Every structure is written in C-alpha cells, then in structure tokens.
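Some structures are shown below for you to check.
Next come two complexes, and both contain subunit A; in the first it sits with subunit B, in the second with subunit C.
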Partner chain A sequence: MTISLGESRLKSTPKILLCLAGLAVFALLPWTMGVYNQHVLIVCLFYTMMAASWNLLAGYTGQVSFGHAAFAGIGAYVSGILVVKAGLNPWGGVVIGTLCAAAFGFLVGLLCLRMGGIYLSLTTLGFSEILHIVINNEYEITRGTMGLQVPGLIENYSKIAYFYIFLAGALITLAVVYRLVHSNAGLNFRAVQNDERAASALGVDVVRTRLLAFTVSSALAGMAGALYGHYMLLITPHLPSLDQQFLVLSMTVIGGLGSFVGPVIGAFSLEILSEYIRAWGEYHVLVFGLVALFVARFAPKGIVGIYKAWRGKYRAATA
Partner chain B sequence: MFAIASMNGLVIGVIYALTALGVSLVVGIMNVVNFAHGEFYILAGYFSFLFANALGMPIIAAMGLAVALVFVFGLLVEYTLIRPTYGDDMYSLILTFILSIVLQNAYLFIFGPYPNKPPGWIKGATNIFDLFFYGNQRMAALVAGIAVIVVVFAMIKLTWFGRIIRAASQDRGMAELNGVNTTRLNMLSFGLGCALAAAAGVILAPVFPVTPTAGVPVALTAFVVVVLGGMGSMWGCIIGGLILGLVENLGAAYLSTGYKHVFGFVILIMVLAIRPSGLFGRKEA
Partner chain C sequence: MELIKGVGITKHFGGVKALSGVDFKVEQGTIVGLIGPNGAGKTTLFNIVAGAFPPTSGTVHFEGVDITGLPAYKICRRGVARTFQVTRPFGEMSCVENVAVGVVNHQPDASRAVWTQRAVECLRIVGLEGFESTEARHLNVVQKKKLEIARALATGPKLLMLDEVLGGLNSQEIQDAITFIRNLRDQLGLTILWIEHVMGAIMQATEKVIVLDQGRILMNGSPEEVVNDSRVIHAYLGD
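After this line comes the complex of A and B, so read on.
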C-alpha cells in the first residue's frame, strides 16, 4: 500500500483553474434539476464527507475503523437530542455533535491504538454494536427504531439551500483531509502506514499520529451525521448501522483507497447507482457487496487505480 | 436465579470458547481476523436446518455434513479471497468485513428474515441437584461443546498437524525453514477456524434459532473473548469464554436484559485499559 508522496498535490495554476471551473459548474447544477435529483446530489455529498473522512484513516494511516457510521450517529443523535430536548439552535447542535464525535473518537482511539490495527477494528465494531443497543434500549430519549424527529437547519425548507450547506460541508471535509495529508502530520501518517517500526525509529510518535487521524476522522463523520440528521428531519438507528458503515467502506474501496479523489468518485457513483437499482429493494446491499468484494480482490486500488494503470500504459505506448 | 443464570452462563460460555477458538487459531497462524466468523456459524445452522428439516436426514448426519460443507467453504474463501492479501493485514480485514455483509444479505435473500431452527436432539428436562429443572437439549449442547473443545486440544497438543500449527504460530519463518508448507497450512487452518464456528453453530442452533444477522453478536463476543484471553492463546479462549458467558448471563439476570451484550464490551474496555495483551497474551502482541 505504498503511496508516492505528493502525487495528488495541485501543482500548476491551470489545474487549480480547472478544478474551480468544475466546482462552479457543479454548484449551479441543482438549479437545472428537479427536487428528486437535488435530493440525490445532497445524499451524494453526505457520502462524500463520510467516505473522504474514512479514507483519511484507512487510506492514509492504514487503520480500519468499523465505527465510522457510529460516529456519524453520535453526531446526529447528540445534535438532535440537544435541539429537541434542550431547545438548542440546530447549528449549535451540529457543532456540539461534531465535538462529541471527536471526543468519543479520541477516547476509543486512546484505548486501543497502542495495540495496533486489529484492535482498532475489533473495538470500533463492538462500539458500533453497543451504540445500536443503547439507542434501541433508551427509546424514551432516542425514540428507538421509530426515529427521532428533529427540526431543520433553516426556517424555510429548501433543497437548494441544503445543497449549498452540504457542498460547504463536503468542501470543508475535503480541505481538512487535503491540508492534513499534505502537512508534516500527513507525512507521518504515511510513514506509519508504510513501516511502523522505521517511522518510530525516525522519531515519529506512532500512537499520537494514529490518534490524531482517528480523532479528526471521527469528528468529520460526526459533522456529516449531524448535518444529515437535520436534513432528513428524522434520525433513525439505520444511520449508525453496519450497513451504513459497509456502504461508506465500499464507496472508498471502489473509488480508490488512499487516493484523494477516490472516495468522491466512489460516493457519487455508488449513490447514483443505488438510486437506479432502488427497485431491487434491500438487495442492492447484496449487489454492492459482490461488486465491492470483486473490486477489493482484483483491483485493490479501485477506479482511481485502474485509471492510473491505464494512463501509465497509454503513456508508455505513445512515448 | 443465581444457579440457573450460572448454568446458562456455563452453557453459553463453552460455546463462546468454541467460537473464539476458531478466531484465535486463525489469528495465531495467519494474523488475520475473520470478520465473517459469525456468518460461518450461521451458515452451519442453516445447513443443519435444511438437511434435517427439508431433506429429512438424521440430525447427527445433518450436523456432520453441515460442518464439513462449511469447512470446504472456508477453504474456498481462503483460496479465493484471503490468500492474495498476505502481508497486508488491513486488506484482509476489509475483505472479510465485506464478505460478512454479503453473506448476511445472501441469507436474507435465500432464507428470509424468519428465525429457523433445526430439530432438537433430545426432549425433556432434568432436575439439577433439586435446585431447578434444566432443558436436556441445553445440557446436551454443553456436553457436545466440551467434547469438541477436548478434540481440538488433543489435535493441537498431540498430533503431527497440531505440532505444525504450534510451530507456525510461534515462529512462522522458522517453521517455513523447517519445511512446513505455510500456504497449505494457512488454507487448512482457515478452514478449521470456520469449521469450529460451524460446530458452535450446529450445537447452538436448536437452542437459539438462526436469523441472517444473529451471527454478529456471536462473532463480536468471540472477538472480545480472544482479546480478553490474549490474541492467539488457546487457554485464554476457554477461560475468557467462560468468564464472558457467566458475566453476560448474571448481568442479564441481575442488572438488565436489554444490555446483555454491552457487558462484554465493558470487559473489553477494561482489558484494553488495564492489560491490553489479555490474560494469557504474549507481551509483544
């Protein structure tokens, strides 16, 4: 899982201009479409936040967390409960929800990151199951499987406004991931991923590096979850479920683990695909699972990896 | 109440130990945590239900065939999915997690969300020391669980194959230098791990019916047992399994039934905070 340094760094001005132009076109997109397609775009942006922040952890530090959806659930439920029961402003709820997810991430990380990768996976899987049990048992507060009704972020519900909120959220997430990966901390991330012992010998604090990545990643998931809750106006235990976790994982793996644009591509393609095969009902999870299994087995670097291999061959052929 | 909760804890603890042994074996030899362990457990339950109910086979034959088929399925999974990931622990985690979701949804597709139950082995209940009546089926499950564990221990401690397993889990490279075909060993031990999950599945299915997602709490508990006992330690699995079975059932009896599976997680947190290498773990885990 080696990643050459700085390969996704935006180097030249034309590239930046191209990105900005693409972003501008994307930002105008919802004005041209109906309410349903606007909804799909918003959900795509939600999954972009989730997949990009999970990728920060799994793709850049090699730590597989199975509790990413659970942290989104913590963000959503903390914000929702504070707004409903304590009358907090929804925006304040989102901020506190994000902070709570970060705090839980920090504590879980503190507990198991000393012990290496497998322990994080086991503990986060357990954490996500426990959160599920707690939400279902404390139905007086969380409304259990019936779902918690929460108010929206804005007075007049409009898909376009939510689209811009989610776009901002996705851009913040991507900016945080980009900044972090292209900083000294990012160098440490990849050093730890490539060779833990060598990194440690060169003075990288392995545990602290992992803890930083895990906390930031959990906080970003919490923010995504809180925003999602206030968009759907209903928070159900499906948000922090293993099915959700699986979707985020497949999006990242199919898009390209450890690449900057991979999770974005994965989130958009899988969410749009799932809208097309909605008629198959619950079985779309099975279909995604088989696709993800196939990609993870035969093209472990996902769509981005396939594209890079193809481009490499093309260049070799033309040169 | 204390007596019956302890008895329940003992029965379930033996099954936890059996499930955890399968996880521990695979971790010890291949350094792979099989996140689909619970789904293999459920698969065996479904197989024994199918063979016994739909095909009318005798229950013992149905159980044996179920375990054998899951063993073969485990070999296939190792060959097709796990083998290419050697040296990249993270990818095997991702692959087995995806596999567990695929299997859960496949079961849902094939068997539906309803609980399925193979027929019991024996009927009736026995009076235990004049304290309470206990179902014979659960007693039989306890005996069968202990029997399988004894067989596994005998195999690991006494046979040639067991010696290879112990050698490879102590020092893989050294075992390889001494002529052990570690690729084939990996395949066999992964299949064996799945077969142990399957054994637990066929033993427990007549007591606790199988549903597509019923394997998740079982697998989670097995993982907690493995961490509690110490990664790769066999005695750790037995002691850890019994502790967890007792704590869960006593907790359910005296504290709260809804939070039964949370007690295991509390133990996991305590282990990680106080003694991360587990009860019998090697220090440098």
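After this line comes the complex of A and C, so read on.
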C-alpha cells in the first residue's frame, strides 16, 4: 500500500507523457477549427484560470469568497486604464494589474481574517458590489457601462495567437496552484479549513496561511481579468459582476471543489454548454446555479468526486 | 531544571475569574498531574500556556524564555505540544496527513519523503498503524485520542500537555495508556503535564501533582500527599 500526502501527484512517466501528449493535441486544436470555436476555446481557458484560482481559496482553505470576479475586474481595469490614459505597454499593464489585484486581495484577506463561513462570503460580496458601483459611476475614468476600449496585446489581432497567450496563462495558473497544494502550504491550507485552532496548536501560522491563499488567488484572478480585457478589447462592468462570480462558482462546484482537475473540467463543460444554450440569454447562469446547488447537496465533490467513487467501486469489483 | 514556569497567572472572562494568581512549575523530565474539580481552571491554564489566548496578567517562561502571550503556533514551534480534551481531528484529511501537518511545520525544509516517513512513525508509536489512509472522521473516540497524541508528537515537543486523554477508556485500556505515557517520558525524554480525572492513573504515573480549585492552586506535592490531604478531599467532595 502506498501512503501519500494530499492528492496523488504525477509520479509515473507514462502518466506524465500522457498529459504532455494531451496538451500537445489540445495546443494544435485551434488550427482545425473556425474563428467562433477558437473564441470559445479562449474563453474556456479564461474560465479555467478563474475557476482554478477560486478553487485555491474556496476549495483548499474554505474561504468562500464572492469577490473573485471583482479581483479579475481590478486586474482588467487597472491594466486597461494605465494603457489607455498613461500609454503603458499592454504587457506591462497586465503585470501591474496582477500586482494590484494581489494587493487588494491581501487587504480584503486581512479584513476577513477573523471571519469564516457566511460572514466572509457577505463581506467579499459587499466588496464586489462596492467595486461594481464605483466602476459604473466613475464615468470619466472607466467609461461606466459603455465599457472601456483598450488596445490588444499583439499588433496583428489573431485568435490563434491569443489562444496561445491564454493557454500559457492557464498553465501558469495551474502550475502555481499545483505547486502550492503539493507543498507544505497545501497541508496547512487544508488543516486551516478543517479546524483553525487545532491547526495553530500544531504550529500552523493561520494568519499567514489565509493571507497567502487570498493574495495568490486574487493575483491569479487579476491576471486572468487583465488578459481577458486585452483580448475582448473592451472592458465592461460585466467582468467584475456577480453573474461572473456565480458562473465561476458553479464551474468549480460542478467540476469538483477542492480537487485539482475539477475546476478545469467545470470551466470547459459549462462554457461549452452555455454556448449551446445561448438562446436562453442570461437564464443559463440561473440554470447553472441550480445545478451547482444540487451538486453541492448530493455530490459535494462534483464530477471528479463522482468519477472517483465510480472508479473505487469498479476497482473493488474487479479486485 | 524547570522546563516551564508560570508566575501569577490570572485570567478573567468578563466578570468570571477563571484563574487568580496561579504559580506553577514543571521540572525537566517529570510527569506532573494537574487535577481539580470541574471548573477549577485546568483547561484555561493549558490554553494560556499553549497560547490559545493570553493571560489577563502573569507570565509564562519556557526554557527560561518569556513566552507569555505568544501566538499558539510560535509556542508550538518552540517545543510545547498539547492535545485537546474534545478531540479536534482534521476530519476530511487522512490520518497520515493529520500528523504530517505537525511534521511540516516542525521541519519545513525536509523532503516530502521525510515528512511522510516521520508521520507514519508517529502513527506507529501511538498504535495507529494500518490507519494511515483512513480519513480521521471515520476513527472511533479512542483512536481519535491516539491521533491527537500522534499529532502532538509530530511537532517535536519537549513539553507534552495532555488534556484528559483517558476519558472513555476501560480499565485495561487505561493500564495500557499509563504504560504508554510513561514510555513517552522514559524513551523519548519528554516532560509531561497531564490533566486527568482518573485518579488511579495520576497516582500510578505521576511524580508530582498540582491541585487547582476555583482558579487557585490548592496545593502541590507527591500523589500520596495530595490524595491524603484534607483540603483536596474537601474540594472534591464538599462538606
């Protein structure tokens, strides 16, 4: 019997090769499809970044923040405004936007240190709404609901180039999350989620652990938002909205809260599904919310949990 | 040499005086019992020593260094480990992960293999081998108490503080536990401060007993002195 800490890691060479092969096939995918499907893939990668980074906070440390879309908004608007008003290079804008989101994440995390559960959720919800209102009303700076037109990251607009940029962003996000949850910080995250007092009695610096999760998660959301803004070429208050927040939440919960691949599965399946039911308008968020509610109640570990349970039964039956 | 020493420890919760001017010390390498009727302030004293909350006044010195009011994780890293009276396992984590939390914060620079190996070893010491991959919420009460001790050992303590680890055990299990706790001192060289209601165990296992009553030290001395003292009998049984 093998004894392992945390989730299984990629140890065996065949598994790593399989992953690399899958990634290579995926990286070639946009060459085989039209512009519309390329766009869908790019948006899938954006939501992968959002869901994976929200999962780091909500799934691994139990801090169910409703401010994740707001941090993406901070990344997008900071970068967009600096590029438009100060003439900064868009790549520099992305970096500064990411850092700003990290700084705000740190401060909100500090504010929420003594909170857990519903109180933390409500505080971050309030933060998100405040930001939303400020963006809507500071028309001179943000252009309000009209949206802020920003330049792209590359001179000659090409979906394929953006696909690779977003693929790199998603891989960076997943690598950061993987590295964190498979280090001693990952054990501390889960210990803090389970029982803060017991964790601190075992030498876990609870304050540092919670702030680390909040800051890193917000920074990753900021990066995703900034990239998204420079891809769409228009930043609107819809990016830091609760609609987006609940979409990311649904993706993570349905895919598998607290598992590494869950958010990726959730992001791709829900984004692709929502393209098919686009005719329903904004009702798809409502539908996803209801599905997420059912999943949270009846299969709290999402699609990944259902798969693992099924595989466990299959193995037991064949053993 | 005294490993830990408290002077004038006082704790008020609003108007309730949980502890008033408690002085105590524990010599290196001894097993000291901390007894007293319900509500005497035993667990409050534990919480102050372990840094769960600061005292209203008074000081705690560990190895001659003032640790009063330090946060729990810093006190733990200096070598003070405690168990909880009502066990607090990380329910969603496996037993080996539960213990590994203590290991990684004690030896943050060690490799993953070392963490796992040390965690498995701690589980073996308390007799939980075979449960490495079991989620802690599936353990029974006695196993959860063992897990508490394994986690505490994983932090590499010099002082181990046990809070009623014998509750819910039958007499054979109590005998085994006494042998086990004495072995922790004799073989691992730990100093042990032990809150316990099972008087037989205190009589057998400890060298010194501190008696708390209504937030004050009633007396301290050898187990024989304590059980024969009329003030102690009075505190427990009343008039």
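In the analysis below, the second predicted complex is superposed on the first by the 308 of 319 C-alpha atoms of A that agree within 3 Å, B and C clash if a C-alpha of one lies under 4 Å from a C-alpha of the other, contacts with A are read in each partner's own complex, and residues count from 1 in each chain.
One rule holds for everything that comes next: contacts are C-beta pairs under 8 Å (C-beta built on N, C-alpha and C of every residue); 3 or more make two chains touch, one makes a residue touch a chain.
Remember, it's a predicted structure, so these values are computed and weren't measured experimentally.
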Partner chain in contact with A:197 - subunit B first, subunit C second, else both or neither: second
Partner chain(s) touched by A:140 [first = subunit B, second = subunit C, both, neither]: neither
Touched partner set for A:155, first subunit B, second subunit C, both or neither: neither
Subunit B versus subunit C as contact partner of A:205, first or second or both or neither: second
Subunit A: partner with more touched residues, subunit B or subunit C: B
Which of subunit B and subunit C A:188 touches, first, second, both or neither: second
Shared contact residues on subunit A - subunit B and subunit C: 1
In the complex with subunit A, residue positions of subunit C that touch it: 50-52, 71-73, 76-77, 81-82, 84, 88-93, 96-97, 100-102, 104-106, 108, 112, 115-116, 119-120, 132-133, 151-152, 154-155
Contacting residues of subunit A [partner subunit C, same complex]: 1, 3-6, 184, 187-188, 190-191, 193-195, 197-206
Contact footprint of subunit A on subunit B as seen in their complex: 27, 31, 33, 35, 80-81, 84, 88-91, 93-95, 97-99, 101-102, 105-106, 108-109, 216-217, 220, 223-224, 227, 231, 256, 258-259, 261-262, 264-265, 268-269, 272-273, 276-277, 285
Touching residues on subunit A, where the partner in the complex is subunit B: 1, 58, 62-64, 66, 111-112, 114-119, 121-123, 125-127, 129-130, 133-134, 136-137, 242-243, 246, 249-250, 253, 282-283, 285-286, 289-290, 292-293, 296-297, 300
